[in-house]
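Several structures are given next for inspection.
Okay, so chain A shows up in both of these, paired with chain B first and chain C after.
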Partner chain A sequence: MATLQLTRLKKRYPNGFVALHGVDLSVAEGELIVIVGPSGCGKSTLLRTLAGLESISDGELTINDRRVNELEPAERDIAMVFQNYALYPHMSVAGNMGYALKNRGIAKDEVRRRVAATAELLGLGELLERRPRQLSGGQRQRVAMGRAIVREPQVFLFDEPLSNLDAKLRVQMRLEIRRLQKRLGVTAVYVTHDQVEAMTLADRLVVMNGGHVEQCGEPMTLYAQPATRFVASFLGSPAMNFLPLTAHQGGVVLPNGIQLALPFTLPEGRAATLGIRPEHLCEAASTTEGAILEVTVEMLEPLGADMLAYTRLPGLDEWLVVRLDGAHAAHEGQRLSLTFSPAHCHVFDAEGRRVAMAEETDAKVRAVQ
Partner chain B sequence: MAYFQRSHFMPWLLLAPQLIIVSVFFFWPAWQAVEQAFYIEDAFGLARHFAGLSNFMAVLSDPAYYSVIWTTVVFSLSVALGAMSIALFLAVLADRVIKGGSTYKTFLIWPYAVAPAVAGVVWLFLFDPSLGLVTALLERLGIEWNHNLNGGQALLLVILASVWKQMSYNFVFFLAGLQAIPKSLLESAAIDGASPMRRFWTITFPLLSPTSFFLLVMNSIYAFFETFGTIDTVTSGGPGSATTTLVYKIYQDGFVGQNLGTSAAQSVLLMVLVGGLTFIQFRFVERRVQY
Partner chain C sequence: MRYQRRGLDVVSHLLLAAGCGLFFLPVWLAFTASTHSMSDLYTHIAPLWIGDVGLANYARLLSEPVNGLNAGVLRLLFNSLVMATGIAVGKIVISVLAAYAIVFFRFPFRRLCFWLIFITLMLPVEVRILPTYEVVANLQMLDSYSGLILPLIASATATFLLRQFYLTIPPELVEAARIDGAGPWRFLKDILLPLSKTNLAALFVIMFIYGWNQYLWPLLITTDADYMTVVVSLKRMLTTGDALVPWQDVTATAILAMGPPVLVILILQRYFVKGLVDAEK
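Entry: the complex of A and B
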């Protein structure tokens, strides 16, 4: 059980490429932090610098308030689960799990006892004598987990551990990882590019982009109040809808001339982006007041519980994806009137940063009164 | 597809080039050798008579034959193990090189492109008792080098030349083998607390075992047969018979001594020996290779 502190952590490769531009992050005891981002955002590099597999160019990394920048991977007391599991193919399951303990000079009986106990925990008891190639994907995944658990390390590192599994197994193992991590109460850093995995596993979520941390916080906070357009577009499936807008007379105007009254304070004439999640668009009743968008359905994707409608506003190229009820009788070419609550709107300025809603401050003022 | 399945002629036609080459250059001469082993023939090849097993008896009752076997064992083991261990060492180093790696690799592969006889001559010059560069250096260290007189030194020299020649071949395979080992395995072992030395012996070396086994077979065959050119140019089997291996003795007895019958008997024995050795390697060593 440990705390982890990253202070302005930088990684520069010898060829001049900067993979991490100063990352600040503190991880509390027993917390599961998920780092998520697209390929090449530096998330794996970050994990590898934590493990000691990559050197740290600048900044400081401490585990339990002890500076570990210069320590070898073995001396940091961490365990890592690799994407390809990295099981030793020439060793049995027991051999794989006991390898780290043997390297640390632990007595044979003790190694056997701890391997057996961990195997029991993971349901691997029957498989201890098998070789990795005789195991299924899910079993290999479990062995990789077991190899990490048996050492009782200070910190667990996971590098996209579920990406080689099929969809069904992935959901199952996701729950299992969560259960084990809570049960063992060990601090963990988990890297993934899958936003569903990220949302479901994380105590706190770190969204990375281009070597920077875009936003860090509880999953639902990031979902409801993304700090940047990037975070907004990365979390949520289907992704948030974005429409270009210009500030006009205290409201906003879309490129096709539709005016909307939105409670955002932008200087007159400033260009920005409006973001609305598909589930926050709904059909307007004839009595609805406020912002109404008249759209044409161009494509439908029935998902069972939901129906995704790909619609377009007249005169605009951007898709507007709407999450309708699964039983909705929509058909292609149909016209829909959509409405949304201003509270569910997100506005991002030209640099992609969130613009505060006027009412957020108003609401606070009212509450104080 | 249907056409190919109906035709019995086509498969044979496609196999023919390979079959013809193997027949002309292997089966026919091998059969000739086996046949020859049972005859005594005069030096000019004008007359021969069936001799039963007497050629074999002559070979096996000659004490010189056993000393040649011993020389061959020492020579082959030294060449195979020497060439493999040096190549593995170099491959491990080359695998770690980041800058200019391909230059090193090209230089290390070059000796393989040198013909055995040429390689022999190069080493002969270096170690020439009166003119050689290495000989001069050794003299300064107080070591007198004359492989024309000293049998042990002569054996060492042909071993050195043969190892140098074969090293490149092994290097290429070991390097490929090392590069096929996923980096994450070694990283995982590093996190698991294994020192670099321990990582090599517990992870890298076992994972290289298929490559090592293949090279063991290839190197044994090389040491037995393909070192002929090197031995011939460097020492011609001498001094005395200090560097005469089984293959070299077959050449000496058959083509120099014109004793075709015993020479053929020796080559049959050698064939059986190498066949047996390869069988043992496959039967016992390969079992330990699989993982």
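Entry: the complex of A and C
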């Protein structure tokens, strides 16, 4: 168990490329932090600097208040699970798991005992003598986990460990990682580009973009109050809908002239973006006063429990995706009246930052014709 | 490709058999010649079947010094074995280390080092034989095993082959080993060498045969029959002045000289074929 402290951590490559622009993060004991972001956002670089596989250009990294910037990976007391597992192909499962212990000069009996105990924990008992190529993808994944667990490290580092598995196994292993991490109580940093994995695993979520931390917090906080348009677009599936708008007479106006009374205070004439999630749009009952958005369904994606309707507002190019009930009898070309609560609206300014909602959050959203 | 046609099977096997026969015929002729007496060989055309003095020929050859040389065939074979093994092992040790440095370590002029090694591919022994002789002579290594072996153990080919193999090792494997606390030597010993086992076996076979078949270099630096190799002695046995060439001895020596390389191939062929076909991943 350990705490992890990153202070203005920077990574600059010799060719001048800056992968990390000063990352600040503190991780509490036993916490599972998930770092998520698109490819090239620096999340893997960050993990590799934590591991010691990349040098730190500037800033400080401490594990349990001990500065580890200059330490070799093996001296940092961390364990890493790689995307392609990186198992030693010529060693048996037991050999793979015990290699680090052997290198530390731990007695053979002790190594065997600890490997056996870990294998038991992961259900690998039968496979200890097999070679990695005789294992299935899920089993290899378990061995990679076992190799990390058996060392009893201060920190687990996971580098997209589930992305080589098929969808079903991924869900299963996701739960298992969560269960093991909680049971062992080891601090963990988990990197992924899969936002579902990120949401479900994280105690706290760090969204990265272009070498910066965009936002850090509990998954539901980030989902409900994304600090930037980037975070809003990255979390949630299907992604949040965005509509361009201009502030007008205390409300906002969409490019096609539809005016909405929204409780956001923007200077008159300022351009911004309205964000609303597909699951927060619902069909207005015919009796509802002032139905809000009249859209035309252009495409349907039945997912079983839900039905995604790709719709457009008249005169606008932007898609408006709506999550309908799976049994909804919508058909292409149909017109729908949609309504939404202002509490579910997000407004982002031209720089993509969240605009705070005005006090009167109970205000009704109404179309002003 | 696999075709389900009986006719094709028969034809391919006939072709294979004919090919094998063609390549085996000279060896067979050498073997039969080694079992006849000298007078037989000079009065009859090349014999196709085994003669009656085979055992006697071989026994005499193995117990007495070779004509015109004061060293026996066993000594010559031993010299060849030392030289070929020394060259093969030396080449592998040097190439493993060179390729390891070039692929896994970052140091200044790394690329330059690689290209310098690579360029030496264009300089076989024959091209640099005079300066090499000069150096070896100055180091007092004429007529010695080290003189036979050392100038031949640098190998650009082996370095290049191993480099190509090392480049296929996923970087994560190297990183996993670093995290597991394996230093450079331990990584080489525990991970790289076991993984390149098949490549090393294939290289050993190729390099052993290369060393065994060396002719020009041993011919040049050995004057003492104690250090002469069997391949050089074969040529020496043919230059008999006015006397008749003892073909039964020459062919018998040639047959004996084939032994060690064949043995090496038989022992290592399991790895050898695997190493050439696919690296064990």
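We take it that the second predicted complex is superposed on the first by the 356 of 369 C-alpha atoms of A that agree within 3 Å, B and C clash if a C-alpha of one lies under 4 Å from a C-alpha of the other, contacts with A are read in each partner's own complex, and residues count from 1 in each chain.
What we mean here is this: contacts are C-beta pairs under 8 Å (C-beta built on N, C-alpha and C of every residue); 3 or more make two chains touch, one makes a residue touch a chain.
The structure presented is a predicted model; accordingly, all values stated were derived computationally and were not measured.
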Partners on chain A (chain B, chain C) - clash or fit: clash
Partner chain(s) touched by A:55 [first = chain B, second = chain C, both, neither]: neither
Which superposed partner A:100 touches (first chain B, second chain C, both, neither): both
First (chain B), second (chain C), both or neither touched by A:131: first
Touching partner for A:26 - first (chain B), second (chain C), both, neither: neither
Partner chain in contact with A:163 - chain B first, chain C second, else both or neither: neither
Which superposed partner A:84 touches (first chain B, second chain C, both, neither): both
Touching partner for A:73 - first (chain B), second (chain C), both, neither: both
Overlap of the chain B and chain C footprints on chain A, listed as residue numbers: 51-53, 72-74, 78-80, 82-84, 86, 88-90, 99-100, 103-104, 133, 147
Chain B partner contacts - residues on chain A that touch it in the complex: 51-53, 72-74, 78-80, 82-84, 86, 88-90, 99-100, 103-104, 131, 133, 147, 151
Touch list for chain A against partner chain C, complex: 51-53, 72-74, 78-80, 82-84, 86-90, 99-100, 103-104, 133, 147
Chain A partner contacts - residues on chain B that touch it in the complex: 182, 184-185, 187-194, 198, 202-203, 206-207, 209, 291
Residue ranges of chain C touching chain A (in the complex, touch as defined): 170, 172-173, 175-182, 186, 190-191, 194-195, 197, 280-281
